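What follows is a set of structures to go through.
Shared chain: chain A. Partners: chain B in the first complex, chain C in the second.
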Partner chain A sequence: MLEIKDLKTNFNTYDGVVKALNGVNLTIKDGEIFGLVGETGSGKSVTCYSALKLLPKTGEVVGGNILLNGEDITHASEDRLRQIRGGEIGIIFQDPLSALNPVMTVNEQIGEILVLHQDSKIKELASEKEIPVYKSEKWKASPGVEFTIMAFCISFISLFIMLGQFTFSLPFLFVVGMMFLRDYLQKDIPDSALDLMVIDALSRVKLPNPKQIAQSYPHELSGGMQQRVMIAMALAGKAKMLIADEPTTALDVTIQAQILQLIKDIQKEENMSVLLITHDLGVVAETCEKVAVMYKGKIVEENTVERIFRHPKHKYTRALLNAIPKGGKERLKVPDVGEMGSI
Partner chain B sequence: MSNKILSIEGLRKHFPVKNVWGTDIALVKALDGVDLEIEEGKTFGIVGESGCGKTTLMRTLLRLVEPTSGSVVLSDEITQNQFLSNNLEELTNEELRSFRRQIGVVFQDPMGALNPRMLIKDIVSEPLVIHGKTENMRDRVIELLNNVGLGEEHLYRYPHEFSGGQRQRIVIARALALEPKILVLDEPTSALDVSVQAQILNLLNDLQEKYNLTYIFISHDLSVIEYMCDRLAVMYLGRVVEEADTEELFTNPQHPYTKALLSATPNFNKDKEKIMILGDVPSPITYLDESKAKLATEITEQERLEIKSIEGKGLDYIVRSSLNEVLPLKEVGPSHYARVK
Partner chain C sequence: MLGVTVITFYLSYGMGDPLAPYVTERTTPEQYEMLAEKHGLNEPIHIQYVTYLRGVITFDWGYSEVVNEEVSEALRYRFAATLELSILAFIVAVATAIPLGIFSSIRQNRWEDHGIRLFALFGSAIPIFWFALFLQYFFTLYTDWQISLRYDPILWEITDPIEIKTNFLLIDSIAAGSWPHFIDALKHMILPATVLAYGSMATIIRLMRGNMLDVLGQDYIRTAKSKGLSENQVTYKHGAPNAMIPTVTLLGMGFAGLINGSVLTETIFTWPGLGAWAITAMRSLDVSAILAYTLFSAFLYIIANLIVDILYAFLDPRVELGGHSSIAEILVVSLSILMLIITLINIDAAVWFGFLILVSLSGLTIYSISKRMLDNPEDAWVIFLFAGTMFVVWSILSGFFMTIIYCTLAVYIGYLIYYLEDVKESLGPKLDEFKRASYQIKKNPLTILGLILVVSLLSIALFAPWLAPPAETQRDPMRMEEHFEYNFNHQPPCYFSCTAESGEEDGYILGSTDRGYDIYYGIVWGSRTSLDVAVKVVFTGTFIAAVIGAVSGYYGGRIDDIVMRITDVFIAIPGLVLALAIIAVTGDNSIEMLMYALIIVWWPGFTRVIRAEALRIRKLPYIEAAKAAGASDFRIIFQHVLPNCITSIIVIATMDMGGIVLSLAALGFLGFGGGPDLAEWGKLVSFGQDDILTGEWWGFFFPGLAIALWALGFYLLGDGVRDILDPKQRN
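After this line comes the complex of A and B, so read on.
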């Protein structure tokens, strides 16, 4: 599915060049959950951003190849990359609230992805059910604009009534009246094909009342629900691969268990490949089949989950496993690798 | 059995929710009748998910917020028979100052707890200056830094020059400056990597042995809690649902929520029986309006969906709305209390 060969990424900073990745090799097969663990600053996230070319301006891929289904996308054009992001590889970020746009409803955000990657499907559905494609016939400005118009009208009406010139307020009364009339006339018009697709995407991640959630803003949802919406967005483009960058770090353990279960279920249903990036070895042990351990921009060990936790070969993996409290009160063995210094 | 250093009796803290006109329409019951006894020289752990009242409990213990009802009773160890009252709420301002000398705090995010424009020497000596212990201050600060594994060379640096683990060490050094008897640790390692976390936990254990400190350890990471704590309270929606010695609680959990919490923690043992907890975290808001007042105890829409999705997968589950019922605390084992039927 995804193959990363000898990837090298540098960051150019004022203090000199930071070699974030020093030759990373990864192969993720079809229908596999692959875990990538490491400490802060070890290069886990940079690996995934380099693969999707989402690096900030200071970052630069200086060597290596990225192959997606055999196609070399290392030097792919921006147009091709736009197709890949969301269409072939979906991505979930750590903090759902900062990854979702706070001034767009869930409907608009998922709709955006569907229009970009699933346009033909939407049109098909529209012609099949004989419903509008993108927008329902409902002429509706955003609630903010409607509220502003109403407020203006009402303040002018009251101003003219106070001045004793009721007739001047008649045009404003007319506008308010028309707004109510429009809502009344248009209440039975069906949803568009796009709306139906959004609702379908939301019910795939087991959200209750998808219709209501589609109309809400991200801050109105709880953390677990926001992360579910993120997953729905990542899946909306029918991606065959999912990159999850610390998907559960911001959540409680009980909610974390739900989200991990959801990712596992969806992976099985759609036979997707998942790259799970995390610093929590427990999460990896529970979810993944294969795991790679990163340290200072390199992969130091890669194996199946059972083998890596039963018989860790590399010194760093052993140190990392020893540092976790595992019941019992004996003193923790502190890894002698020291704290992650500057690279 | 050692002496108790602090006891909490029926502590309640309700935050009012106001509407636009300023009248109360609902209460957020952050703490709803908490009783705890904290023993001297031991580590007392508090676990629970976000919004269950852990942090409010800590803030009421320090009297940073005033409780609605209930009290925190201090032992003579803390008051040294110099206070007029043993009740935390009745302390005068002067007594409160001396009480705060006995209790240190370490917060979750060390960068947020350290002033970025102060030198380390000023940060660590600040409590000493405030409480007027300015004799041999430089030596005292160096001693404190040595205690936490830092040295004289760090005196003239700013917080941003340190790594996360070192910053947490500075916060611990500052908390210990006035030789407190109790140290409140609010998620001290949740912002750190596992290897650094191990260093900090070892340091905390060493310091406890050296100074006979009492720790109140708040965390959501059960493996850390199991390693650090002697006794443990599990909180859910402002109440303690289970309280027991750590070993007893981990081997023999009684309350359904505790069971689910223990099994939800990611674990290396794949064959371990899993209990999923379904549904979202309920809101702690209680409406004063009678018709909205009761927390729903019947299964919600989302829970029904989730039950459907995990049926036939051989997973055990409990539904969150079944946890909303309030049961009295019952003794279920030797010094093991739980809210079960």
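After this line comes the complex of A and C, so read on.
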């Protein structure tokens, strides 16, 4: 599915060039959950951002190849990359609250990705059920535009009243009145195909009452719900691969388990590949089939979960495993193993 | 997010406003006597105040001698003129600035970005009156546009009078269906509107750019990109609406800038609006007009802010109108409303009622403060600090404060030396920052330009006696010598090829004014005036703001509330207007008075910035650590909070070195501050203004250029320093 060969990424900072990735090799097969573990700053997230060219301005991919289903996308055009992002690879980020746009409703944010990657399906659904394609709320614009319209109308009304021409202000009065009344007038209009798809996407991540959630803003939801919305968004474009960048770090433990279970369930249903980035070996043991350990911008060991846990080969992996707190024993320190030895 | 309700917030704003002009009225007792007679008010202060309040709410705003009219009458038609101009300017400014700001941010650090930033900086740095004179010069000489008044009197009053209903001429001409009238009104309006718009446009561009850069670094932008949206969709659909939110909150400030600017613009373009009227009133000490104007512009500003707040709630779903308000706020507001109602009905009752409120409120305050003191006696120094600050303000007004400042500085330096080790420790990371800074300055061409400008202007001020040696007969080098030959002979001001008094050719390098002042001499020595005023104002203001802001931000709660309400009152009145009102009401037209006026105008804004910084800093872990280690509040504020505010203090102080000179020049241009022969740039520009129509451009050009370069230099420097010190901008 996704193959990363000898990927090298640099960051140009004030203190000089920082080599974040020094030749990363990864292969993720169809339908497997692949864990990528390592300590903070070892280059886990940079790997996935490099793969999709989502690096900040200072970052730069300087070498290596990225193959998606055999297609080399290292130097793919911006258009092709946009098709891939969301359409073929969906991403979940660490902190759902900051990763969701605060001024757009869930409906708008998920709708956006559907329009981009599932447009034909929306139209199909619309013609099948004979409902509007995109908008059910016909007369709603963005808040800024609404405010401008309102302000213009009110100023025109006051103007005409000042001029003593009350009759001219009537159409504007009508517009203002409609803006206040439209919510009551529009009750019977059915959901659009887009709305239905959004609700469908939300119910796939097992959110209760998806219709209400679709209309709320991110800050009105709890952390677990926000992360579910993120997952729904990542999956909405029917991506065949999901990159989850520390999806549970910002959540508390009970919610973590739920979210991981959800990712597992969905992976099974859709037979997707999942790249799970985490620093929590517990999460890896719970969820993944294969796992790679990253250290200082390189993959130091890659194997199935069982083998990694039973017979760790690299000394960093061993150190990492030893650092898992086991009741009563003082083993919290991860020693700096210095230059990476050969496996 | 903003816990304070909009309505109560602005009512508490409004409550303070009638006080502000009143306080200025009280400032000097002798003047007060005179004014009281003028007003026909010789009653005790509180009765006067209530009477005044009653007058305000019943639209009985006194009688203006200048226009020979009731103030409320004059306000009515002049207001329409100013409003028409400001609205047009505001629309132009917002409509151009926001797209430019967005464009600049997506091209960050490319030549488009540098160009737009320079354009914006020019907008802030160019004195508005200089720009206006510039346009006036070109349009009078090279086109047939008439650039004074709102309309062509021949067309509107004689050949084809149309009905004027709203006093908004553009609308009236449309209503009358007359195309030539519309064109004429537009032609008259376009230049003043351009001048007015440029300044606010500059501010909005810079704001929008900064906010946009901030937003583009957010996580949800990355999310949007990961969905497969195109660059444009990401910028305009996800970036811009988020960046608009903080921009919009500051548009109210932009409107205050417009009111400030309209004073100058209207004077130059003889626009019959409020600003020009206020200037005439101030020149002739027409007190009721001045007070009315001050009050009115504060009122306008509050309305603008109210609209902005509503817009804010529209744009940001996280903010709700209403919100929660504390019982104290509701109580104060309802009491003040009650007070207003009683005032309307019966003055005597209102006096008693107000007296009762005052007594009970001050009793409450004393009670709560003394309780707090009893609970934790080590906090007593806060009271002394406030008393000390009040003392400083008082000493500013009575004129011996510079001595105090020097003493305080000496004490603080002594303190720093005494605790040198601790200070060094806390300065360690800062030194690193400065090393970084010097490295980055080398990479930023605009900052270097600013540095060069500032250094060269400062050296002009330093070497003034050698650059332009004063004549031997001159008693005070700061005062320009008149060359009477020219005045007596009614000779026009000359340029280059004129004969100096002494008879030698080319005596005046940059020409002379109609009074025979040497412009070159004026500019060189004027730099000393500017430097003097700017340094003193910035220094004093920084001192006051640092103390009050740090204490208020560090303690938060009640103290913070009170301080913020006080600053609100000052900020609600546009700066230039307040400064003018202070000067006009005290009637003291010396440069020192002007300086004090500028300090009074300047400190509230700065206090707010430092307070915000202190609020941020007090939540940082090392403050907690210091507290846990048992450090006293005094120690924490002066050793941890203030040193950590220092970056923003430096940035703002640098920027305001430019801003103060702009205000100084604006006031000088209007004829305030020092005698007519004082070497001051704004004054020189106003001398040059008279000769524009005859095409003598040097009179206004060179002094204005000096002002612009000064402001530009400091703005560039401040901007560069901020870019460097702001960790978010660092790559």
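Methods note: the second predicted complex is superposed on the first by the 281 of 343 C-alpha atoms of A that agree within 3 Å, B and C clash if a C-alpha of one lies under 4 Å from a C-alpha of the other, contacts with A are read in each partner's own complex, and residues count from 1 in each chain.
Note that in this section a contact is a pair of C-beta atoms (placed from the backbone, for glycine too) under 8 Å apart; a residue touches a chain by one contact, two chains touch by 3 or more.
If you're wondering where the values come from, they're calculated on a predicted model, not measured in any experiment.
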Thinking of the overlay built on chain A, is A:Tyr134 touched by chain B (first), by chain C (second), by both, or by neither? neither
Which partner does A:Gln256 reach: the first (chain B), the second (chain C), both, or neither? first
Quick one: is A:Lys206 in contact with chain B, with chain C, with both, or with neither? Answer first, second, both or neither. first
Going by the contact rule set out at the top, does A:Phe309 touch chain B (first), chain C (second), both, or neither? first
Between chain B and chain C, whom does A:Gly224 touch in the aligned arrangement: first, second, both, or neither? first
Which partner does A:Glu286 reach: the first (chain B), the second (chain C), both, or neither? first
Is A:Leu159 in contact with chain B, with chain C, with both, or with neither (first, second, both, neither)? second
Per the touch rule above, chain C residues touching chain A in the complex are 165-166, 168, 171, 175, 217-220, 222-231, 237-238, 241-242, 244-245, 311, 314-318, 436, 439-440, 730-731
Tell me, which parts of chain A touch chain C in their complex? 12-14, 52, 54, 56-58, 78, 81-87, 90-91, 93, 95, 98-104, 112-113, 116-117, 142-144, 146-147, 159, 162-165, 217, 219, 230, 233-234, 237
Contact residues on chain B for chain A in the complex? 49-50, 163-166, 193-199, 201-202, 205, 220, 222-224, 226-228, 250, 260-261, 264-268, 270, 274, 276-278, 280-281, 300-302, 304-306, 309-310
Residue positions on chain A within touch of chain B in the complex are 39-40, 206-209, 222, 224-225, 252-258, 260-261, 265, 279-283, 285-286, 309, 319-320, 322-329, 331-335, 337, 339-341
